[in-house]
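One chain, subunit A, links the two complexes that follow: it is found with subunit B in the first and with subunit C in the second.
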Partner chain A sequence: MAFLELIDVTKSYDGKKQVVENVSVAIESGEFFVLVGPSGCGKSTLLRLIAGLESLTSGYILIDGQVANDWPPHARRLSMVFQNYALYPHLTVEQNMRIVLQAQKVPKEEQRRRCLEAAEMLGLTDVLGRKPRELSGGQRQRVALGRAIVARTPLCLMDEPLSNLDAKLRATMRVELRRLQRQLGMTVIYVTHDQTEAMTMADRVMILRAGHPQQVGAPLDIYNHPANTFVASFVGTPPMNLAEAHVLEHSLLLQNERPVRLMRRPLPKTERVTIGLRPEHIHRVALGDGHVTASIVHVERLGSETLVTFELTKQIHWTARWSGQANVTVGEVASFSFDEHALHFFDGHSKRIGPPTRREEEAFER
Partner chain B sequence: MKTVRFVAYYGGLCICSALLLFPMVYALLMSFMDKADIFAGRLWPERWEWTNYQAAFKQAPLGSYLLNSLFVASVITIGRLIVSSLAAFAFVFLRFPGRDAWFYICIATMLVPWEATVIPNFLTVQQLGWTNHYFGLTIPFWAMAFGIFLLRQQFRQIPYELYEAARLSGIGNFRFFCHIALPLSKTGLVTLAVYSFLDAWNMYLWPLLVTSDDRVRTVQIGLKQLQTQEMANSWGVVMAAAVVAMLPTLVLLFVGQKQLRKGLMQGAIQ
Partner chain C sequence: MNDRVSSPMPSAWPVPTQPTVRRTAMKAWMEGMVYLLPSLLLFGVFLFYPLARTLYLSMFSTNYQGAPIRFVGWAHFAALFQDESFWHSVKTTFFFAALTVPTTVAIAFCLALLVHEKRKGIGIFRTLFASTMGMSVAVASIIWMFMYNPAIGIMNRLLSALGFPAVSWLLDPDTALYAVAIATIWMNIGFTFLLLLAGLQNIDPSLYESARIAGLSYWRQLWTVSVPLLSPTLFFVTTVSLIQALQTFGQIDFLTKGGPVDATNVFVYAIYREAFVNYQFGFASAQAIVLFVIIAAITFLQFRFAERKVHYQ
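For the complex of A and B:
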């Protein structure tokens, strides 16, 4: 039985526009579940619905198999880490953690023990007597986590907890958070707009757009089999290259102007599709070979890899990712070949069609 | 140009403060003069005398008036803080139908002048049998729209996430109110306390209406009594009593000012 289950969860503030619509998902105990989407997609609202801070318009929330729609927040036995940490500014680090336990009428000795334990786990032992304003951003973040840990609730909700930290600290905290979550066996529902966080931390991801779930699955499954063009372009940096195409006998006509000959006959039966190709599936070949020849408009050298943007058509620029420090210059004309098996096809409603990915082919051959 | 502006600013300020301070300073000086000095229209006492102060306490029960005033002003202040903070808390943190409408109705009572409500208030207090009683002097002043407004603004500074975090961890409304909302709103509470105390201390018309018994009367009435009794001959005594009545408010202002500054600083760092 799932630990937390959402069934057709819908929320509307004004009765007209649905902020969250028909979200159904089951979250297993001990899972690290990430809700990701652009800002305003309803992910924070969904989290607040689970927390009981907002009431449902329709649908059901089941906790441990029981309908929890009308349970007050504290009865749901969960903790929450807020984006701005929500620390009590006039209380010390220790008091900030203990106030949670005082409310639960935990004996004093036990309170102290749990606080010390959490402080040790998070490296806060030296600052237990300090107030939040005397702490760095990273330490405040840890105190917020500490408050969730001492409460020992089986479910922890996190609303963009790392977004106020600098890039370096964020990377460290990602690893640490995941380690803590495994160590404590907590179920975590984590909200972020950052797809990198989603990809690196999650057991499973739900991608939301304008209140509608787009796809739920393991990060790599989503990366390899995006359900639609939105997911395709949202997941991965740089995003998947997309272009409209006419499907012809043995070739594609991209954006009505650039024909691309393919070795294999493209599968889709529809004539007009959107094709997608990840940057790592575009390679450089000798001039005149390959699928397209185009001029390079931008080069980003990151040291371990090089991102090369070329002009597929006047309006559409595609990006290739090559490992190493490629020797290319802006304005140069080069030829590119595509991994045909890695082409993604989407129909007129931008939904995924056809199975032309290698994994699925391999599975089929077996 | 710069000097001209400097002189103009400070000259203007000096003139204004002199105008403002003169009555108070003159009252203080008069309280040390004997009758001859006062009637000669002197600005500075010839000999510094304490006799006016002794006379003031002897001729009227100034001591008990002062204690009454202190008690009444304190009770009004505390009552106002409790009622206003609870009401403001509800208007900020609790969700109930028509919350904002109720708040505006509450604020709208500030538009009704005090004079318009004196008679109905007096009748109510009389019906309740609270005349010549501390109840009648204090309870009608507990609820105050301005206090609710002030503290509502103060509570709104508290991030709502703090309240949500508290709800999630099972910290109830009352615990949140006492342990989190109040400590974080010291500035507003002190401001309201100082304002209320001064307001209550300087009350004149209402205590005059609801009391006729010297045992519960406040110091402002005592002053007026002295003035009428001693008209034309003992201005020094009246001034001495006025200075005594003024002292607690001055002390409160100085102490309160320091507290207020502290509160403001804390707010800035959070």
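For the complex of A and C:
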């Protein structure tokens, strides 16, 4: 039995526009589940519905197999880490953590013990007596986490907890959060708009767009098999290269102007498709070889790798990712080859077209 | 290495000489004064000059036009502290403040809590509760004068409807101060309510959400979130209301004229009578100075002691 289950969860504030629509998902105990999507996609609303801070318009929320739609927040036995941390400014770090336990009527000794334990875990022992305004951003963030830890609730909800930290600290906290979650065996539902956080932290990810779930799955599954063009372009940096294409006999006509001949894989039967190719599947070949020859419009050298943007057509620029510090210059004309088996095809509704069946492959090879 | 870094500037750089420094500082000071001039002028004409003039007058005997004619030094003050009616008006004023200030703040706080939440039509109630703010003391006093009228006033009608005997409100020395206090509370609620509501609206809603998730009851939320975070506003409205209460004049003038039998003869009204009824401008000025010192002292004490319990964010 799933630990937390959402069935057709729908929320509308005005009765017309659905902020969250028909979300169904089962979350297992001990899972690190990430809700990710651009801002305004309804991910925070979904989290607040689970917390009981908002009421459902329709659908069910099941906690431990029981319908929890009408349970008040505290009856759901969860903790929540807010984006702005929601620390009480007039209370010390310790009081901020203990307030949760006071409400649960935990004995004083036990309160103290749990606080010290959490402080130890988070490196807050020296600042237990301080007020939030005397702490750094990272420390405040950890106090908010500490509150979730001392509560010992089986489920912890986190609403963009790292978004107020600087990039470096965020990277460290990602690792630390995940380590803590494993150590404590907490189930975490984590909201973020940052796909890197989603990819690096999650056991499973749900990608939301305008209140609709786009895809649920393990990060690499989603990366390798995006369900539609939105997911394809949302996950991965730089995003997947996309282009509209006409499917011809053995080639594709990209954006009505650039023909690309494919040698190693059958093409879908659909006439008009969108093709997608991740930057790491584009390689440089000798001039005149490969799939396309194009001029380079931008080069970003990151040290360990180089991002090369070239002009597929006037409107569409694609980016290739090469390891190492490639010796290319802007304005140079180069030839590129594609990993044909890494090509993704999406239909007219931007839905993924499945990979060719065994029989299609065989027919192609013959 | 370190030595070189921390060594002083090369001597070739121009080091400002002492007079230059003083001249630049002087220039900056002058510039600041130019910016301050408009407000300094206004304060000077309407505040500093009258205060200085009052202090000056308090040491003189005056004629009927208020012109100083004889220097008496601190004699007015000495006489004042011997004067029983002075002490009576001090007591009345403080009792009046004790009646009005806590009650106003408490009621306004409850009203603010009531309409804090977003509900349909809540704007109507917010406007209603704040509406007494837009009423002048004169209008409000006249409304209450009619309500307190022993024959036709609604207060006595209500009492008789409930089976209580009639009360002569403003005419009875035992009830007059309470009656004025009730009217004053009503008048001041609007302003206090508005400030407290604004303060409540300023509190981060996620603090309440966090409290709800933790399972804090409504009363616990009130005591652990609302009151401490509202304390700067509470402190402000208390200070302002207290100063206002000590300066009460309008409603006394309209409703009771300090009577009956001096029962509502609060400090400022006493000063007014001394100056403009008895034409004792010097003596009245001395009282005004005493009032000024009392209010300044109380406000200082409030900031010194009460403000420590306030949590600024």
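Assume the second predicted complex is superposed on the first by the 352 of 366 C-alpha atoms of A that agree within 3 Å, B and C clash if a C-alpha of one lies under 4 Å from a C-alpha of the other, contacts with A are read in each partner's own complex, and residues count from 1 in each chain.
The rule is short, and it goes like this: a contact is a pair of C-beta atoms (placed from the backbone, for glycine too) under 8 Å apart; a residue touches a chain by one contact, two chains touch by 3 or more.
All values reported here derive from a predicted model rather than from experimental measurement.
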{"item": "Clash or fit, subunit B versus subunit C on superposed subunit A", "value": "clash"}
{"item": "First, second, both or neither for A:R133, with subunit B first and subunit C second", "value": "both"}
{"item": "Which superposed partner A:S79 touches (first subunit B, second subunit C, both, neither)", "value": "both"}
{"item": "Partner chain in contact with A:R272 - subunit B first, subunit C second, else both or neither", "value": "neither"}
{"item": "Which superposed partner A:Y88 touches (first subunit B, second subunit C, both, neither)", "value": "both"}
{"item": "Common interface residues of subunit A - those touching subunit B in one complex and subunit C in the other", "value": "51-53, 72-74, 78-80, 82, 84, 86, 88-90, 99-100, 103-104, 133, 147, 151"}
{"item": "Partner subunit B, residues of subunit A touching it in the complex", "value": "51-53, 72-74, 78-80, 82, 84, 86, 88-90, 99-100, 103-104, 133, 147, 151"}
{"item": "Contact footprint of subunit A on subunit C as seen in their complex", "value": "204, 206-207, 209-217, 220, 224-225, 228-229, 231, 311, 313"}
{"item": "Residue ranges of subunit A in contact with subunit C within the complex", "value": "51-53, 72-74, 78-80, 82-84, 86, 88-91, 99-100, 103-104, 133, 147, 151"}
{"item": "Interfacial residue positions of subunit B with respect to subunit A in the complex", "value": "159, 161-162, 164-172, 175, 179-180, 183-184, 269-270"}
